[in-house]
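Two complexes are shown next, each including subunit A; its partner changes from subunit B in the first to subunit C in the second.
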Partner chain A sequence: MGNVGRRDFLKTAAASVAAASLLASCQTKEGEPLSQKMGGVEDQLGIEWDKSVCRFCGTGCGVLVGRKNGKIVATKGDPECWSNKGLNCIKGYFLSKILYGRDRLTKPLIRKNGKLVESTWDEALDLIASKYSEILKTHGSDAVAMFGSGQWTIFEGYAALKFMKAGLGFIAKDGVGSNHLDPNARMCMASAVAAFMRTFQSDEPMGSYEDIEHADTFFTWGANMAEMHPVLFSRIIDTKMKNPDRVKIIDLGTQYTRVSEEADLYLEFQPQTDLAIANYFAHYIIKNKRYDKQFVEDHLVFKKGETNIGYGLKDGGADIPKTAGKMEKITFGEYKKFVAKYTAKHTSKISGVPEDKLKQAAEFISDPTRKVCSYWTMGFNQHTRGTWVNQLVYNIHLLTGKISKPGMGPFSLTGQPSACGTAREVGTFVHRLPADMVVKNEAHRKIAADIWKIPVEKINPKVGLHTIEMFRATETGRIKILWTQVTNPYHSMPNLNRFTKAAKEQDIFIIASDVYPTRTTEVADVVLPSAMWVEKEGAYGNAERRTQHWNKIADSPGEAKTEIWQMYEVAKRLKVDEKTTVADIIYNFNQDNYYEELWEEYRSFTLGIGKDLAPYKVLREKHGVVWPYVARDKAVNGKIDFSDVWDDIENTEPNGFTSVKWRYNSKYDPFAARFIKDHPERSFKDGIVFYKAKKNDYRATVLAVPYEPPGEVPDKEYPFWLCTGRVLEHWHTGTMTMRVPELRRVMPRAFVNFNPEDAKKYGINRGDLVRVTSRRGSVVFPADINGRAIPQKGSVFIPFFDESRMVNEITLDQYDPISKEPDYKKCAVKVEKV
Partner chain B sequence: MVISSWVIHSSESLFDKIKTNLTAIPNIEITDEQDFKLAAVIETKSTAEAADLASHVRGMEGVNGLDIVSHFFEDETLDKKE
Partner chain C sequence: MKRREFLKKGFALTAVGTTAGFSLISLLGKSRRLYFRPPGALAEDDFLAACIRCGKCIQVCPYNSLKYADITDGLHAGTPYFNFRRTPCYMCEDIPCITVCPTDALDHTLTDINKAVMGTAVITDREACLSLNGLRCEICYRACPLIDKAITLKKHQQTITKRHTVFEPVIHKDVCTGCGICENVCPLDETAIRVLPSERGDKAGHYIYLKEQV
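Right after this comes the complex of A and B.
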């Protein structure tokens, strides 16, 4: 085809998919036919299309990947994926480029005489296996840790969980597996997990992204969605444009962002005082009788939490009371009295938000005619009271009954593409097993052991060391072998210098599986080159509980291999006896059908309990499936017959399944419908039931906890708050996006962002070099003023992507005593012009 | 040659102005519109140029958001002689 003809074809194709995307936002039902499906006009150019998922943020946008002559030549937002309805953000331009950085790791490396040198796979794997054998036989499983990722595919996370929690017990001298398995998701959404479990006894949001099209009031809490979840923010803007007078955006934050710019109301609060503001909203709702009395009566239980719970600043959590997570029942009257002290005046004094703004926001959130959605990410989660603040927002939605209905609900967004699918659902945490089960619970261990066909004694009942304590244990020599996969902790840990020093000085064997050289590979003893994204089969689970599968589409470079293969090969080298290896026990899947068999084994944990995942074959076919994906028939789901309530459920599919968009609501969720029908003695007038909250008589918990300051606050010597985070161009530690020349050119280095008034006061101009010092150290950054965001007076913002200037050398390793998630948003620093 | 397409979200009051301003940019062709959103096709020499243009348009007054719909970059990936 000539160039002109090809150009015309491509332009026609581009125009028609763009037109289809305009239309897609008007469609209200998933699965409606769209004019542009996988192929289209461009098929005539010889492009083969396959579905995939964006490799970056937790929005989990579907992407169609076009291949020609074995190479990726095109990408499109997937119009059949309902998470993004055919749109990608600007990072979509660079999706395939992350595969092709010039310094991709292509061969295993082993450290010899202080230097990493190329080796064969056999040499590297034999060395790793011999280290595991030696350490497990000498020290037991307590000396072995793995640090994984919310970017692991679900397959990889499940394989890692089995490796650590089931496999190692067959080699270890103590005969149990290791629970020292945590994902980097500990650093991004553990607070949301803890809060969901404490409130509903089931993890993950109840609503879906479709809420955006049904809602008319959006509260964003410290979440710069315009830059961090741009496709979702586009959907919010779309909703607003359709009804600009009615739809309101209320932004609450510690810095003015693009979201603040679009907002109808912006509340700028002092760091950590979101706790006080949320309590004020609850007080306003009750005082003005805006709460839903029936909902309160039917669905809620009130509790007060333990206070003064510490900050995890002492090793081993020595400053945390054992009762930190305790919640005690109180009455509604006692709760009302508790929040009554959060008057507008008192809250304004703590938070710095003017009283009239607090009242305006409270009016919007409590107005019974408004459909309210609340969104947040790291501002809440990376917080020394992260679990509390998540729960305080649930309080608001629970008191007003604005939950589990289209257009209403609290929604914690995720930062990573599979923080939900891999970390939370698979349960790659130190205390977890799949499907919200925990190692401490004997019945849960028994279920896992039965599925895994291993003796239950092999599963260690003792909760492992969570991320911060795991890395602190590398300082003391307790952890002797650490395998990191798809993550870069020696860049992203807070108070980083102490951990890097330990990695260099202690006798610890570090294995890093990654795609590019990173700060972590720099301290590793063995580096394993990994396949990434569409170079392997995979599946991710996004923030709206959508599981998305993709096939292998491209080849990986050199000798790079999947983590699934790497773990299998190590397990194969770990001999249980003459005839049996660890791989024979934990990875006993047919090699021709490995992924399907692994998936179906994992899926069996989820069936019939409201966490039901879709069958492998359905996932391969569909462009994402939201769970619970419930089978009507007991014969299929293995536990419950839904046939007598099935006709009342919306969105059932002809195949006898339904994908639940609003959990706990009997109009959509067969588990809720079943429960209500089976419990005629209880009042469920609105058709809602929190059926997972068995311990609380199927009621959600409203928690009374106060405002408490963070572990370090500015003072005379260190007068500024330091907040860290991401920028639009770079993702996490920049290991992928800094390899894309276009992104590196636009944002080549980290900066320190000042409020213009502070900059003037300190005589700092844009581009000046500024030394930022905390009690942990100093790093020099160029100054930015009047950039895309404006920090409030008395605070600075520094992004963490830049490995040449690592802000984590000065952050503080304080954490939420309940979720154990570190707080990267608040510590005290001083600044001086260099 | 890199061909891509976008959806541009515009404010109501500046919709016409944004349309006029975009039409004046030679690489951009407005192909459709609905509810103060524009569909556009972009022809550039490289992905870098397309991304720069996207950043520029995203920063324009009255532009509330810009999403990428499709991105064809065959000439950057495959040998041009193919």
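Right after this comes the complex of A and C.
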């Protein structure tokens, strides 16, 4: 907190909260290239306060940030942000410190004779541009890839999407842009995306965090919310404490965590058998006539998925059938018969969960009087059947009709601050365009080309290489330029050794835009020092579809620059002809109003289709806006007139907009209300309609898929399951939190967590060094036993934040054939005391 | 400083002091500092009498947690003690410091490290404690080697947001070993949780408190 007295700080901070947002828009910093809006209102201590959002997880806690002399001196939870109401976790407490680690990158670096040496921006940018020109002209856009991030601001993601998918086509010899653009969100929630699209034909959850106050039954599936979403978890506990006899928490997982400790019922299952358990719940619901008949009739379609779909273990997905994603229509009767196999006895045998516990949980989830919310994150998403298991939980909510209503719904939590806002909404994936559109679809390409004012042929219709295959292609020389931004793949990729080796040995030009030296900058040919977090204007979109904007609040150190500027400068150096550069085509925004014009162009993709984002001016004013942010008048949203249904909508704002907290529900969502009014021939008694699911006659999909084993299973030689993940104190690859001395002291190194019985069997004591070996590598970790988490017998857990001992050297590069998301939660290892 | 070197220097200084006619009272008198001793240490007076200052426990500690008391510590000089904020006791299950102790200064009958009593943790600064301020910290709780036993979380509503929970770390004296890990990891500049001597407060026992109804 610097020199500010605590009492003064609290007083002034509180006073400035309200003022900050109102006055922020009055100040802009002139004369900067690609001018960003500066914000801040001064308090009596000379600190200027402005709103922002936490840099870490997908909860999206609002924070207020205080600046003095260009530096951040204090932060505070933002009471006006509805996602957190002013509460932060310990990472949020240390937010201001992540900017000021001693080894911030402040100058561009170029590798010369094997060593990274300081250079000027001009030298670095000229080099990058000449590489792009050369490679694009000789090999075409297929040789160029970009690996981005769910920590990109929305502005950055959109600029990167245009750079790759619209811009490069003007230089490449094949005349099309490159779709080799994937975010690290591929490793994070691609399975949730695929399942949302396959079930509802629209990405992202239907409910909001407010469900927590309305619900009385919480299911957590392989999600350690207590540590990974601590602020949200404390909301669940608050709901429980207000009504302790009624409210139940049911935790399903492969290890005992702080969630299990708080849970009323804990089901510990064998890895991967969540597939069987979810099917058992569906079976229980149907067998006991607990399903909502009317809902099934009005809203659902039943399908059967392709089985034996492989694990992506062979390069190019050679072990994956082409039809892996196929879904075939079946009847409700056929579905009923399919799940009937998953009896309590059969499921108990597969999963290891006692029958009575399965029945208790099934009773809670199916009880018609209970309001059920399901939460999950990486346990489901990083799963070789991740898309399936996401859909199997939708099945349960759909059969019981517990969806799109306050306190009821399946909710996929996100791990990154803008996995939703940037990766999913902007569509920085190899197959995507903004607003759920895809490159394969000609009509979608046409819409994008019209907005971008480029010929439609410039957009490549061929889906690019998804993350794992993109990095595999660095081994074969197919990818010749890789630009990584705001991410650290040479720490976080599974089966890391093979990719690091390729980066060092292959002739591939790696550009890394980052703020600190990382394992990725270590293998890069050019390192670009970046502005981080509030050193640039930005916006993130959190898990509850809340878009949160912040102004530039602090100066960046040395010569660090925004990624927006970096891409602009490269594009400026790529000449299409004598007069025109790529920047003239894709970044043709007014320099003084760059961010607003970029936002409004991006926003035009989303209007009038139920993906509607808020205008720039509203975002700057409000402390987060949940989309769809729907305008009543056709003149404003450009497509649909809602005026005749507007009065029935709850929570409309005087400005003629409404922020939809429960999508598909006509009480809250004008699109649903409009649809129901326009379709009197259909029965929508409950006021719900899945209006995005046009292909399925506006019905959500219930999918019949079986339990299938994971890609690698423990055996005699490698007898343990390995699961990887996070801890509360550190975030992802630790590049930020490991630079906060206090957090580093709490947890200076990764550990291997044992079940006490296994530890005893192997004579391993707490603190002993243990070598963990898989078929891919071997790393030594100190042992932890009986700590914050207890893995089940026969399995070990290792967090991945520690760059000095990287668990990803032993993980397996297997992935879900549908979502292409790698499974970091299951592979086979052996352990020995060192 | 190597132990032998230190001892040599220590004796030399003492000799110099005496010959110079300095009063040694302040040096030899009992320091008012609190010394947190290795697991199994006898009560302080008995420990001081039994410890031969051989330094074996200090040398064997795999984490270099134990330090020598130096000459400014008077009679305590050469004895082992913890500075928890620097390095706590990581509670080795084989308790090597006791094994190597040549006297009974460290109680050889203590074989279960979880039964050790080096002190007891106390939240000494409730105003500063982040968890009590409603933040989701609870670092001391998660770092505690006897999590859910020595430290548990007492939950009550966050009175400001009214929709979150305060998770208050509560230390259980009968289980806490005083290992000092909580004191070590507290993320505040000045730790809000410290190990204090286990014996404190009302020792007379002339009043029996009401216990919570079972």
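Operating definition for what follows: the second predicted complex is superposed on the first by the 785 of 834 C-alpha atoms of A that agree within 3 Å, B and C clash if a C-alpha of one lies under 4 Å from a C-alpha of the other, contacts with A are read in each partner's own complex, and residues count from 1 in each chain.
What we mean here is this: contacts are C-beta pairs under 8 Å (C-beta built on N, C-alpha and C of every residue); 3 or more make two chains touch, one makes a residue touch a chain.
Model, not experiment: these values are computed from the prediction.
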Touched partner set for A:88, first subunit B, second subunit C, both or neither: both
First, second, both or neither for A:76, with subunit B first and subunit C second: first
Subunit B versus subunit C as contact partner of A:97, first or second or both or neither: first
A:786 touches, of subunit B and subunit C: first, second, both or neither? second
Partner chain(s) touched by A:765 [first = subunit B, second = subunit C, both, neither]: second
Touched partner set for A:638, first subunit B, second subunit C, both or neither: neither
Touched partner set for A:234, first subunit B, second subunit C, both or neither: both
In the superposition, subunit B vs subunit C on subunit A residues touched: B
Which superposed partner A:746 touches (first subunit B, second subunit C, both, neither): both
Contact residues of subunit A, present in both the subunit B and the subunit C interface: 86-90, 92-94, 230-231, 233-234, 237-238, 241-242, 742, 745-746
Residues of subunit A defined as touching subunit C within the complex: 79, 84-90, 92-94, 213, 227, 230-231, 233-235, 237-238, 241-242, 258, 261, 728-729, 742-743, 745-746, 765-767, 786-788
Subunit A residues touching subunit B - in the complex, by the definition given at the top: 3, 7, 10-11, 13-15, 17-19, 21-23, 25-26, 42, 45, 47, 66, 68-69, 71-77, 86-90, 92-94, 96-97, 226, 230-231, 233-234, 237-238, 241-242, 244, 262, 741-742, 745-746
Of subunit C, residues touching subunit A in the complex: 62-63, 90-94, 130, 134-137, 139, 142-143, 145, 147-148, 155-158, 160-161, 163-165, 167, 184-185, 187-188
Complex contact set, residues of subunit B against subunit A: 1, 3-7, 9, 12, 29, 31-37, 39-43, 47-48, 50-52, 54-55, 58, 64-74, 77-78, 82
